[in-house]
Amino acid sequence: MDPVRVTIWNEFIHERTDERVRAIYPEGMHRTIGDAIATLGPYAVRTATLAEPDHGLPADVLATTDVLVWWGHVAHDQVSEAVVERVQREVLGGMGLVVLHSGHFSRPFQRLMGTTCSLKWREDGAHERLWNLRPGHPVLAGIGETVELDEEEMYGERFDIPEPDELLMVGWFPGGEVFRSLCTWARGLGRVVYFQPGHETHPTYHHPEIQAIIANACGWAARRTRLEDVYAAPNTAPREPRPAAR
Amino acid sequence: MDPVRVTIWNEFIHERTDERVRAIYPEGMHRTIGDAIATLGPYAVRTATLAEPDHGLPADVLATTDVLVWWGHVAHDQVSEAVVERVQREVLGGMGLVVLHSGHFSRPFQRLMGTTCSLKWREDGAHERLWNLRPGHPVLAGIGETVELDEEEMYGERFDIPEPDELLMVGWFPGGEVFRSLCTWARGLGRVVYFQPGHETHPTYHHPEIQAIIANACGWAARRTRLEDVYAAPNTAPREPRPAAR
Amino acid sequence: MDPVRVTIWNEFIHERTDERVRAIYPEGMHRTIGDAIATLGPYAVRTATLAEPDHGLPADVLATTDVLVWWGHVAHDQVSEAVVERVQREVLGGMGLVVLHSGHFSRPFQRLMGTTCSLKWREDGAHERLWNLRPGHPVLAGIGETVELDEEEMYGERFDIPEPDELLMVGWFPGGEVFRSLCTWARGLGRVVYFQPGHETHPTYHHPEIQAIIANACGWAARRTRLEDVYAAPNTAPREPRPAAR
Amino acid sequence: MDPVRVTIWNEFIHERTDERVRAIYPEGMHRTIGDAIATLGPYAVRTATLAEPDHGLPADVLATTDVLVWWGHVAHDQVSEAVVERVQREVLGGMGLVVLHSGHFSRPFQRLMGTTCSLKWREDGAHERLWNLRPGHPVLAGIGETVELDEEEMYGERFDIPEPDELLMVGWFPGGEVFRSLCTWARGLGRVVYFQPGHETHPTYHHPEIQAIIANACGWAARRTRLEDVYAAPNTAPREPRPAAR
């Protein structure tokens, strides 16, 4: 089996400007996530960041990416329209997209959802419990009844997303909130996953079960085909009287 | 019961430039549809067209519209970004949107779906049979097993849309194609309906059952609330320890 | 507008055998719910209980019921197969069904879902917070961001149900659990709603917002058509060459 | 990778009583399907038939089955309640179920859907065209825009099923009908696929693309976990105040 070609995109700002974040992710979250995934299955990992030309996502990179992981927070509006459009087209043509945490407000995710993807939040570092609604689902392989995070930013409903195709986990917060924390949607020929944990000031991406879910999501959402001209709307000849049998 | 405030938007180009179309819809499709709907229930109908300032859809019109009906074809890219954005926001805040026929490629619909909404097509004026998958659904009130159209443009799958929340009708074409012809989705606090029939060179919008379905869709999708700031993502205080009982 | 014909079915055992429950619902929960609903809209309310002949649900009652509300707990297996089958058929033919609380394990609900509908539970009378995921949905008309219950039995995930067509509320419990508390599904021509609150030892059905949601659910799920022979599988003649235009 | 353990269940009556059917499937459809699947991937195939003790599906067989394929037609009511119940439980506990053609009226399928699964039909042996709505979906791996069958029984809408989680193919018939021909649902921890082609008097299961889709469906729906006591509804202790961090 060919390896799944994963590209992990990170805004990569907090890690360079905030001591607390750098202490947790000295080389950037993309490295932590990428290094973890690479040990968890047949994944060939590349990374890309905002500051690179084309944000590290030129057309040839996306065309050879099976699944794109996306983390962004303070610079969503610095992502160029060209790259947003390119990511959307690749997903509709078959690429997988795994959106993490504050990526809920990233433009590729908003573009694919058609909604604002807004939510409530609170940076109090309380704990979170994620409930597994679908044990045995490929994205939740190896995950038990709950995943426990010692500290995480609170994300609360109403999360303005289209009804997920599959709601896989719901988060519980001690402050009294709930959240649809792990969701999937099909868009065009591609698959989109949203996974809520991962605030930059907490060591969430060092957590083995969080790593496992991201790796699983990459495998599950990975591209199985590639359609190039997603906007084609062909004027077609009738199929009947039917063509000769093959 | 207050009337449902319907605004019917029409590109209104074919009717002014093509004799065949003018013969069928002398005052524009928006008038034919609007006049029909007004007789079918408590609907207060306004119309709006591309050539008007703000395409007839300034903020105050949308804010007082319960459901917007949309027909466009050759001028999708002449609709301003401001109006596209405004329509999307109003839908996410609670307004209904009923997209007709070639409106599949309209920017408000694409924006809300997150996909290309592409399809196959053929202008051969053959007939179409629409199968009713959900008798008794409010959008199909009064509609029997099938709706028969003597002549219609063929629209064929693959229709690049997110899996509908409800698939209400499937179209059959003698050339050998099928189409998901009547679909609904929730987006934010609003509801979106797509309904396939309505090529400009055929008298589809004079057909009583087509009129009834559009009227039903307007009633079903009509706004029930209005959220103004759809992008708000509030930083919220904990709800626990819980507030004193009320 | 004709009134919606609501039949409220209650097992009606706890209220006769348990002092605590009788103190809250002296005439039975069905009366409390029925009296409340009758004041909230054009609802014509009847009640039915387990001990009546046919459990109060003979064929003619169901045939003239637009929406059936169901509360049961300790006697699910005393409901006759004939009545379970009859309820299922009426729902598939267009009747609405609103299943309350411990009705999750009722046989009509299990039959319509196809799953066990099992869940976790704990009778500790702690409070519950219900989060509104779809403000403005007809079932949530008039309901704000949350509904607060001072005391309720805990129901926790995994709730073994098919992915809901619409997930409208998620419950939060101080013991650390979450629950999909308000869900809808289409089944056949009918609509099914499940609503979690309502343990017999708590005054949940005296709560105005809980009453409002049940009333809304009755209006939303109410029958709009009636198909008698739901199992018919007709051998049909071809539709093409097509019938003469009408 | 361990092979997927497939059990193919066939009523196996037509092949023994009808010359036309025996000519097409001399050893039974289960053999034709099984032999084909075994060549298409890592599938370990067993078969089972109605006439065997326990219909060939005792508890230990189901417990070691990853995906069950089901073909039945004239003897649905000869399948024992015990086996119907057992199949349902195994699916809810994680087993896959692939229901073929006239299996739409089989009791395991009806039980899992909660609806009648009725439809229209006509044995005229005309051709069918199946449209692929989701190229690249694992169940449609290797399948192009359409699959063409020279002769097949007509199955037409309204097909009384819950809205599928995924609608993968729609069938077109020259007599003027359409059908949701390839659908998936999650039920409990298991996955259910329905695939429409396969009338006994036509050589449908010799068709390479039909074989490929069935094999794909077996791989996609295959069990990934096994829950034994699917009806368990545990009384659980609070999770908060939370347990000490691990």
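Labels for the chains are A, B, C and D, by order of writing; each one numbers its residues from 1.
Going forward, contacts are C-beta pairs under 8 Å (C-beta built on N, C-alpha and C of every residue); 3 or more make two chains touch, one makes a residue touch a chain.
Note that this is a predicted model, so its numbers are computed, not measured.
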{"item": "Mutual neighbours - chains that touch chain C and chain D alike", "value": "A, B"}
{"item": "Numbering shared by both copies at the chain C-chain B contact, with half separating same from different", "value": "same"}
{"item": "Chain A-chain C separation of Cα centroids, rounded to whole Å", "value": "36"}
{"item": "Inter-centroid spacing, chain D versus chain A (mean Cα positions, whole Å)", "value": "32"}
{"item": "Residues of chain A engaged with two or more neighbouring chains", "value": "129, 134-135, 156, 163, 165-166, 174, 176-177, 186, 239-240, 242"}
{"item": "Contact set on chain A toward chain D in their complex", "value": "94, 127, 129, 134-138, 141, 146, 148, 150, 165-166, 174, 186, 189, 223-225, 227, 239-240, 242-243, 245-246"}
{"item": "Residue ranges of chain D touching chain C (in the complex, touch as defined)", "value": "88, 92, 105, 111-116, 118-124, 154, 156, 160, 162-163, 165, 174-177, 185-188, 230-240, 242"}
{"item": "Residues of chain C that touch chain A when the two form their complex", "value": "129, 131-135, 145, 156-159, 163, 165-167, 170-172, 176-178, 180"}
